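Chain naming follows the written order as A, B and C, and within any one chain the residues start at number 1.
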Amino acid sequence: MTSRTPGRRAVPLPSLAVLASGALLLGACSSGSGTGPDEGASASSDPVAGGDLRFAITVDSRCIDPQQVGNNDAIAVARQTVASLTAQDPDSGEIVPWLAESWEVSDDASSYTFHLRDDATYADGTPVDAESVKTNFDAIVALGATASLGSQYLVGYEGTTVTDAQTLTVDFAAPSAQFLQASSTFSLGLLSPASADLTPEERCAGDFVGSGPFSVQSYTQDQEIVLAKVPGYDWSSDADEHTGEAYLDTVTFPVIPESSVRSGSLASGQIDATAAIAAVDQPQFDGNGFWLEQRANPGVTYQLFPKESSPLASDEAVRVAISKGIDRQQIVDTVLTERSEPATAVLSHSTPLFEDLGDALAYDPDGAEQLLDDAGWVVGDDGIREKDGQRLSTTVTFWQDPAPLELVQQQLRQIGVDLQLQHVEIAESTAIKESGDFDFDYYNLTRSDPDVLRLIFSANARNINDRAAEEVDDLLDRSAAATDPAERGQLVTEASRLLVEHGHAIPVYELSTTIAASDRVHGLTFEGSSRLDFYGAWVQQS
Amino acid sequence: MGRYILRRAAQGLFVLWAAFTIAFFVLYLLPSDPAALAAGAGGEVADVDPALLDDLRARYGLDRPVLVQYVDALGGAVRLDFGPSYQSGAPAASLVAAAVPQTLLLTGVALALAVVGGVVLAVASVLPRSRALRQVLSALPPLGVALPTFFIGLVLLQWLSFRAGLLPAIGNVGWQSLVLPAVTLAIPPGAQLAQVLSRSLRGTLGEPYVETARAKGAGRLRVQLGHALRNAAIPAFTMLGVMVGALLGGAVVTETVFSRVGLGRLTVQSVNAQDVPVVLAVVVLSALVFVVTTLVVDLLYPLLDPRIERASTPRTVAA
Amino acid sequence: MTATTTGPRPPEEIEVADREDARSILRYGRARRPRAAGPAVGRAARHLVRRPGLVLAGLVLLLVAAWATAPTLFASGDPITGVPADRLLPPSAAHLLGTDHLGRDVWTRVVHGASLSLRTTTLAVVVGLVVGSALGLLAGFLRGWVDDVVGRLVDVLLAVPSILLSLAIITALGTGPTKIAVAVGIGAIATFARVMRAEVLRTSTSVYVEAARASGSRWWTVLGRHVLPNSSGPVLALVALEFGGAVLAVSALSFLGYGTPPPTPEWGSLISGGRDYLATAWWLTTLPGLVIVAVVLSANRIARALETTGEDQ
């Protein structure tokens, strides 16, 4: 079909194209440092009311009902819309008054009486009274599985008794020492009684009325959520320095799924702050017109959870050797941020009653190899150990960022363990966990109370290890009933030590949240569970 | 003519039904548990009481035998009711409907850009008298087809948005936020169109009737654009259906890179979350679009080239 | 995914010089082109010398195939284990393409990734080719209701967006190179079926084949000896074209999170994994990306050459 003139030579088109594309792309991608808006040196340190703060989140999980959310981004939004009975001081971990001025806990921690303040109202003006609190707790229980966190806190809930307009008593069938801290979480945040009549879908869409400093102004799925301040709000917790209404008029949460787009947007001033800047991009926001604030998430650290009914994970020598063979500091130095910490206990250091387990989690490859040698695992030709014809090869199933585990895999290969990485989507990972078809699980659980240890590890609770009850479970269960902090702390620490010694828990590193914001943002900080707190935040008006 | 339309419509209905059925059973095979997913609400699944999970499953009708679920879903689909989304409980159909206008806008603008850009590039690569210029311009379309879309998008963002600050990187508001995504999306199909069109143009430039037009003394420009384009448009027109498909597929990536609301992102997120009702709704919608598009293209063909009879329509022209 | 535009010329424009021309017209629908003189090798060499672009494309693909078969010849390091202290180093003499976030040498990973990437891509194209051509062959040769059924099948495949199809298949079957290949290949079936069908229709309606059938040859003889060989030109060109398309499709799937699990290197996951570092360590995405661009361009160039060769017969 093509007519050819004789003697015509074709220019090497592919090479031309490759060169052209190379030039284009290389030109675009020379390393640049963050070009954030250069803030003037002296900024007034007096808070200014008004303005909008744009805070980027990574995903819209289609629900912003505080009593139903479980995803960090949704929590960042939902937390601002509700007040809770109590609050937790982010520095001391102490439970302080919020909507409840005072409380009494029965000796066996199965009955809690709260005395509410008399001036708090929901955003629609209805008073926060004992009856409305009862409505809330009953509704959470009725939500069932969709209120996954809340129903966990209310396990054994028998009912709420209303004594008078300002007094109520919550009763449990069994001791529940964690409930006081639970009452400070967003999952047990209070919504107006009218909200309990809505369907779960309507509540997810943001139609509810809350008790917090902000309320939902608009919610465009997958795009952005806008919160507006509640006028007349005046019942802040004792953990907040600020009182009265929030400073900001609105907080906008645009949804930006791509990591490099979030970094670029912050650097170019298209957003004001975010908590989702990748570790490698963070250095450009350390100064230069920006600031960083990091806090370790309280609760159980990121760790490998062996399922001890699977062949290799049932061998204690293997488990402990794996724990010894992980160089936690190297992981932190290589793939995490400057201020991240390796795990030094099963709980992270920002959890109340945390205690460092010292050498129990030191990097000890020689000790690991000794353990495996003594157990009869012989190094094979490919560097992986074998025993009775079986290779020391096992799998960890997870959905999170694989970089830390890639390093763990590398480190374990040096002691002769082959750790295979099964990286799946969240949906698939829940299915796999439920079917029980895995060797090692991997996640963290953020909770500012040591009860999370019992919840996960006790053979009488979730029993993540799928094992029979041992001495450690007795300690864990007793910690659920201990009301004296010192006694509770002792039980928890002893239990943690046993968990690590027997390889039931293999902590790796602490999850932390880092806020990256431009210098015009002030007062944005963390609350007790390392969740974001916009109540005291304000922006410099340009 | 009427019979032809009826026959095509019946075939279209069959395609819709088949697409729905295949999608339903493929999704049914998915290994996850939607109830656990809904309970987790996007985060880690806490230790939920299994009885509560069973309640949730019953609420979504997931405990019934698969054929019953299928018939129920099919009945609903006919009424455009796909049930509640597993993630939020909102009706899946309304979620999809809300996402359509944005995607329509994006793909519409991208299609226009692709067509205009493709035509301009194709004509520009045969028009100039300088061979060097022609060669350079001919090298561009293969490049446009060879670059991954997300790469183009991210590089454009770095250049034009983060460094130069000319255009916004995020958001759905205003025409400015449409420029970068539309350009990114338009590049691969535009480049393909340019390739096909320029090849056709080079071919038809030797056809006898073009020679005739030249001999009559018409200006070079008029000859090329007037006659050659019209004839070369036929194979390019065949591509239209393919281009629309490519645009919808490319929209998935583009919407994610540019943080835009739309069908593409909804699809990916729903497949990730295994939110079956939403995925089914998307499948039915896209099948519908495809069926309607091909029908329209088929009907318009004879108008373009009377030589082609309707009975032996596009099938004999290699697509 | 792609389109080709061969088609018959109206009869009044074909000049019939002699018997050979007539035979050629019956067979291929067009008159012969004048052949240059000389032995076949010399002709081929002269043909290639006039097309340095084609030569370059061939060399690129040969190089990449060499990487796939003997990676250690080109990169002796370890693609899986890196030195964490050497993370994110820009390209230098020691590390041709720099290092990644775990200190692994990018050049080594690109070379070792060729094997997996090419295997995945080839499998995807083979799936599309075999299934699509079989369908197209059946539809074009047998026509009638078979044609209708196949047509509907192809329509259904086209009606569901290929991304959705791929995602659903991968989610249902799990990740892994084979499943990714199948998912991408299924998206290519429709194109192969259409092209094969068009070609088969064209050749099987030629007088030559009708004559062969009428003279009593079995249908499979007709198929194997006459129809298939003459239909294969554009299909082969499509293979090269779809090869490039499959490489891009795999990288798009990696971008969406459905790529090969770590730490195995594979081009698609290399460039989508590196995109988070675009502003700070551009070499992670850009350089493997250039490799992909080179491969796709070369494949497309070869596809064009195959098309025009078919026409020149």
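Just so it is clear, a residue touches a chain if its C-beta (ideal position, glycine included) is under 8 Å from a C-beta of that chain, and two chains touch if they have at least 3 such contacts.
Keep in mind that this is a model prediction, so the values were computed, not measured.
Trainee: Please tell me whether B-C or A-C has the greater number of C-beta pairs in contact.
Mentor: B-C
Trainee: If you average all the Cα positions, which chain's own average lands nearest?
Mentor: Smallest centre-to-centre distance to the global C-alpha mean: chain B.
Trainee: Just curious, how far off is chain B from chain A if you go by their C-alpha centres, in Å?
Mentor: So the centroids are 37 Å from each other.
Trainee: Could you give the separation in Å between the centres of chain B and chain C, each centre being the mean of its C-alpha atoms?
Mentor: 22
Trainee: Which integer distance in Å separates the CA centroid of chain A from that of chain C?
Mentor: Going by mean C-alpha positions, chain A sits 45 Å from chain C.
Trainee: For chain C, what residues touch not just one other chain but two or more?
Mentor: Touching at least two other chains: 6, 171, 257, 275, 278-279, 285, 289, 293, 297, 301.
Trainee: Can you list the chain B residues in contact with two or more other chains?
Mentor: Residue numbers touching two or more other chains: 30-31, 142-143, 146-147, 151, 154-155, 158, 162, 199, 256, 272, 274.
Trainee: Could you list which residues of chain A touch at least two other chains?
Mentor: 1-2, 11, 13-14, 17, 21, 25, 28-29, 32, 258, 260, 264, 425, 427-428
Trainee: Under the touch definition given earlier, write down the residues of chain C that touch chain A in their complex.
Mentor: Those in contact with chain A are residues 6, 50-54, 56-57, 60, 80-82, 84-85, 87-88, 90, 101-103, 171, 174-175, 257, 261-263, 275-283, 285-286, 289-290, 293-294, 297-298, 301, 308, 311.
Trainee: For chain B, which residues count as touching chain A in their complex?
Mentor: Against chain A, the touching part of chain B is residues 30-33, 35-49, 52-53, 55-56, 84-85, 87-90, 95, 98-99, 132, 135-136, 138-140, 142-143, 146-147, 151, 154-155, 157-159, 161-163, 165, 168-172, 199, 202-203, 205-206, 256-262, 265-266, 269, 272-274.
Trainee: For the complex, which residues does chain C have touching chain B?
Mentor: 1-7, 10, 13, 151-152, 155-156, 158-164, 167-169, 171-172, 191, 194-195, 197-199, 201-202, 234, 244, 248, 251-252, 255-257, 271-272, 275, 278-279, 285, 289, 292-293, 296-297, 300-301
Trainee: Which residues of chain B touch chain C in their complex?
Mentor: Against chain C, the touching part of chain B is residues 11, 14-16, 18-19, 22-23, 26-27, 29-31, 142-143, 145-151, 154-155, 158, 162, 192, 196, 199-200, 208, 235, 238-239, 242, 245-246, 248-249, 252-253, 256, 264, 267-268, 271-272, 274, 279, 282-283, 286-287, 290-291, 294, 307, 315-319.
Trainee: Which residues, counting only chain A, touch chain C once they are in their complex?
Mentor: 1-2, 8-15, 17-18, 21-22, 25-26, 28-32, 258-260, 263-264, 278, 280-281, 284, 330, 333-335, 402-403, 406-407, 409-410, 413, 421-425, 427-428
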